[in-house]
Each structure stands twice: as C-alpha cells, then as structure tokens.
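Shared between the two complexes below is chain A, which pairs with chain B and chain C, respectively.
Here is the complex of A and B:
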C-alpha cells in the first residue's frame, strides 16, 4: 500500500507513465486506485513519431498491471519521507 | 484466462439478442450502447452494431449478423481513452489497447499462414465509434469503473492451485499411508502428489486443516457401520 499512498500524494502533478509495451505517456495524474490503475489528463505521448495515433488522446486510463515505470517530478519526491515510509513498510508496520 | 480479443457469438434471446453473460460467476451487464461501429487494428470499420459492457468484458455484437461479434475481457485491456482528434481517427471514439499475451517468439510465417481467428487474437488496438459522440465521456467512465472491478487475479489463482493439488482424493491417499488409520483406501496411494514430491509434511498440514470436512465425517460413519457389520 506504500505506492498507493505515495501516488495519491502526487495527484495533480505531471508524471510520465511507461508501459510494458514501451509506450510512454506524459500527463497530469488525475487519480490512482489500490491496484495502481492510473488515470491521466492532458496527456501526450513521449515518442510521438512512433505512436502518432495516440497524439489525439487527452485523457486515459492505464491498467496498473501494464505499468513498468512511473517517472515522478523531482520536486514531488521527498526522499526523507520515502525513506521513513519504506522502513516502516519493511518492518510490517 | 484468454488474452486478447476473440470472436463471440454466444447470444441469448430473440432477434439480434444479447450476449450470454456468466451470471453464475457474478457477471452483470453494466451498459448497453446501440449504434456503435468497431475498428480492430487496421481493419475497416464494422457496423452497425451494439456495444455491451459487463462487469467482466466488453462485447460488440453485429445488429445484422447473429454470428458476428467480438469480446475482450477487461483483464486484457491495457489502456483506454477518448480520442477526438480527427487527424488520429476521422470519428471521435473510445480507443483501447489490448494485451494479447501472444508469444513474441512466433515467426512471421505463422502470421501469413494464419486464418482470421489467429490474426484477431493478435490485434492490439480497438476503436469503438458511437454514432452519438456525446456518449463518449459516459462510455469512458463505464470502462474505468469496470476496469477497476477486474484487478489481476494472481492471488486467487495461487489459492486455486493449492486446492487443486491437494484435492480430496489425494488427501485420502495421505491418510491411507498412515498405518494407524482405520481407513482402507490404499489402492490409489501411488497417486499421492505429496509423496512423489517429497513434500509429505505440507500435504499432512493441509490434511489436518481440513480433517473436519463433512466428507470425512461421512466416511468415518460409513467405516463404523462397515466395521460393526463385520463383527
């Protein structure tokens, strides 16, 4: 649940979601659920030449299980907070 | 599970009918959208048709050909979105990417030789074009809602697998190997998976957990009856 809690904090920020099929979509994080399904708004495809048909999409729902990486905005990453949270999670708290 | 999109002609009812839903497993119809054409990959659009969204899958049925229809499980839908840019596609539509689970090592030869069904199973993109574009946002929300109802079934599969390995007959075999047991079920003892895997203790643990199962109570009673009849 750490990732879920953490991603919830990032709602409204700009992230890049990279899928397991190599498609990368940048957009504003609209919402995330416990399965890490991700809804993005104001999306754009990072590699538009490779995926021209995706350019038109303004909002999309991405199934959590197909996400490979979520690139976070540097200013959205509180390293100390994450450190503490991961330690707590590892202890089973 | 079946990955990708598949042909679907299980209809119920008169006329064009409706898709058969697996009501026994809790599948419910969530939304019906008439006047939708479907575009699979680079194929030409097919219409007219009706879109059915259930708690498990998306079904498109042709309005004119009862044998024609397609279905894709929400588990196979990687992504869905509203597409409105005419440069990407001439008509506003729901755009979806489909996880095919196809073996990437398969040769191109099998593609060229394949019939329509095999190509269909490798289709990775689907567009659903409603004749009324004002319905797109509502459709998108229904897709989201149903996608959230279908998380990855990994844990459940694990559980089922354990149940399957330690089925009732295998547990009886385990008991039969116990020399203190009054049960005489040794005929099948060579089939014991627990024994063949050298995993005796695990099988025993599962057995102990389920020893109060009604089947065993019945078996015990039967044994008693049989015993007294012999005496």
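Here is the complex of A and C:
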C-alpha cells in the first residue's frame, strides 16, 4: 500500500517507465492503482528510432506486472519521508 | 482527484495492444475487466520486421488474456492514418522477461 500511496502523490508529474521488454516510455503520470498499473498522458517512447511501434499513441495504460523501473523527478522524492515510511511498514505499521 | 487507471474511457475507440510476447494488435476496444482481459473487435496484428515494411494480419474479434498484456495505448486515429506503416521497418519488440 505504501508505494501505491507514494505514486498517487506523483500524479501530474513527468516520469519515465521502463518495461520488462526494454521499452522506455516517458509521459505525465495520470493515475495509478493498487496493482501499480499506470496511466500516462502525452507519452513518447524514449528511443523512437528503435521502437516506432507506438508512434500513433499519445496516452497509454501500462500493466503493473510489466514495469521494471519508474524514473521519478528528483524534486518529487522526499527521501527522508520515504525512509521513515518504509521503516514503519517493515515494523508492521 | 481522479480514480485509478481504467480502460473505460477507451471503450469503442481504436487501441494498440502490446502483448508480453512482443506482438502489436490494433483494434476497437469492446470490453475489459479487473484483470485487464480485453475484447477487441475488427482487430489486426502489425508485424514489424527489418526485411520489409509493416504487415497487417487480419484477426477479427479477439479476446486477449490480461496476463499476456503489457501496454494498452489509445490510438490517435488521424496521426495513425497519416503514417506510412507499409514502408516502416523495425525490429519486432522483445518479449517481456519477468
């Protein structure tokens, strides 16, 4: 639940999602759910030359199960807060 | 605050699905459920290769199991029809490795 809440805080920011098929997509985070499915708006594929498959796609839904990384904007990350929250979670609330 | 990501807004629109085995299927979204299982009408597969342009294979009415879906993209139809897919060459997408 922690990362779900965390990603909800990042809605509206620009992120890059790297998938488990090596495709990386950049876009504005529109929404996220409990499975960490992600919806991005104004998307563009990072290496369009190599991956022209999504050229006509501007908004997309990414299944949480295929996400490898989400690159976050540095200003959207409060490391101290995240540290505290993960420690609390590890202790069981 | 909007709800979670849903495919509701894409119903009856043209979508582009990328499957875990790297295939690209384009069609009209007719239905979906919690597990991202989807029903696609008038669907066709776009086969990418480096030897020739994109081939379109007609598939018709398809159900794709959610397990096997990576991305569901909303197709900008004006942009899509303006692109010359038949002259586009690219490597097929790699399969997803969990």
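By definition in this document, the second predicted complex is superposed on the first by the 93 of 93 C-alpha atoms of A that agree within 3 Å, B and C clash if a C-alpha of one lies under 4 Å from a C-alpha of the other, contacts with A are read in each partner's own complex, and residues count from 1 in each chain.
The rule is simple: a contact is a pair of C-beta atoms (placed from the backbone, for glycine too) under 8 Å apart; a residue touches a chain by one contact, two chains touch by 3 or more.
Remember, it's a predicted structure, so these values are computed and weren't measured experimentally.
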Between chain B and chain C, positioned on chain A by superposition, is the outcome a clash or a fit? clash
Considering only touches as defined above, state whether A:51 meets chain B (first), chain C (second), both or neither. second
Per-residue touch tally on chain A - higher for chain B or for chain C: C
Intersection of the chain A residues that touch chain B with those that touch chain C: 19, 21, 23, 33, 37, 39, 43, 52-63, 65-66
Contacts from chain B onto chain A in the complex sit at residues 77-85, 87-89, 95, 97, 99, 124-125, 140, 143-144, 147-148, 151-152
Provide the residue numbers of chain A that touch chain B in the complex, in ascending order. 19, 21, 23, 33, 35, 37, 39, 43, 52-66
Of all residues in chain A, those that touch chain C in their complex: 11, 19-23, 25, 30-34, 37-39, 43, 50-63, 65-66
Across the complex, what residues on chain C touch chain A? 1-5, 7, 10, 16, 18, 20, 22, 24, 36, 46, 48, 66-67, 69-77, 79-80, 83, 88, 90-91, 93-98
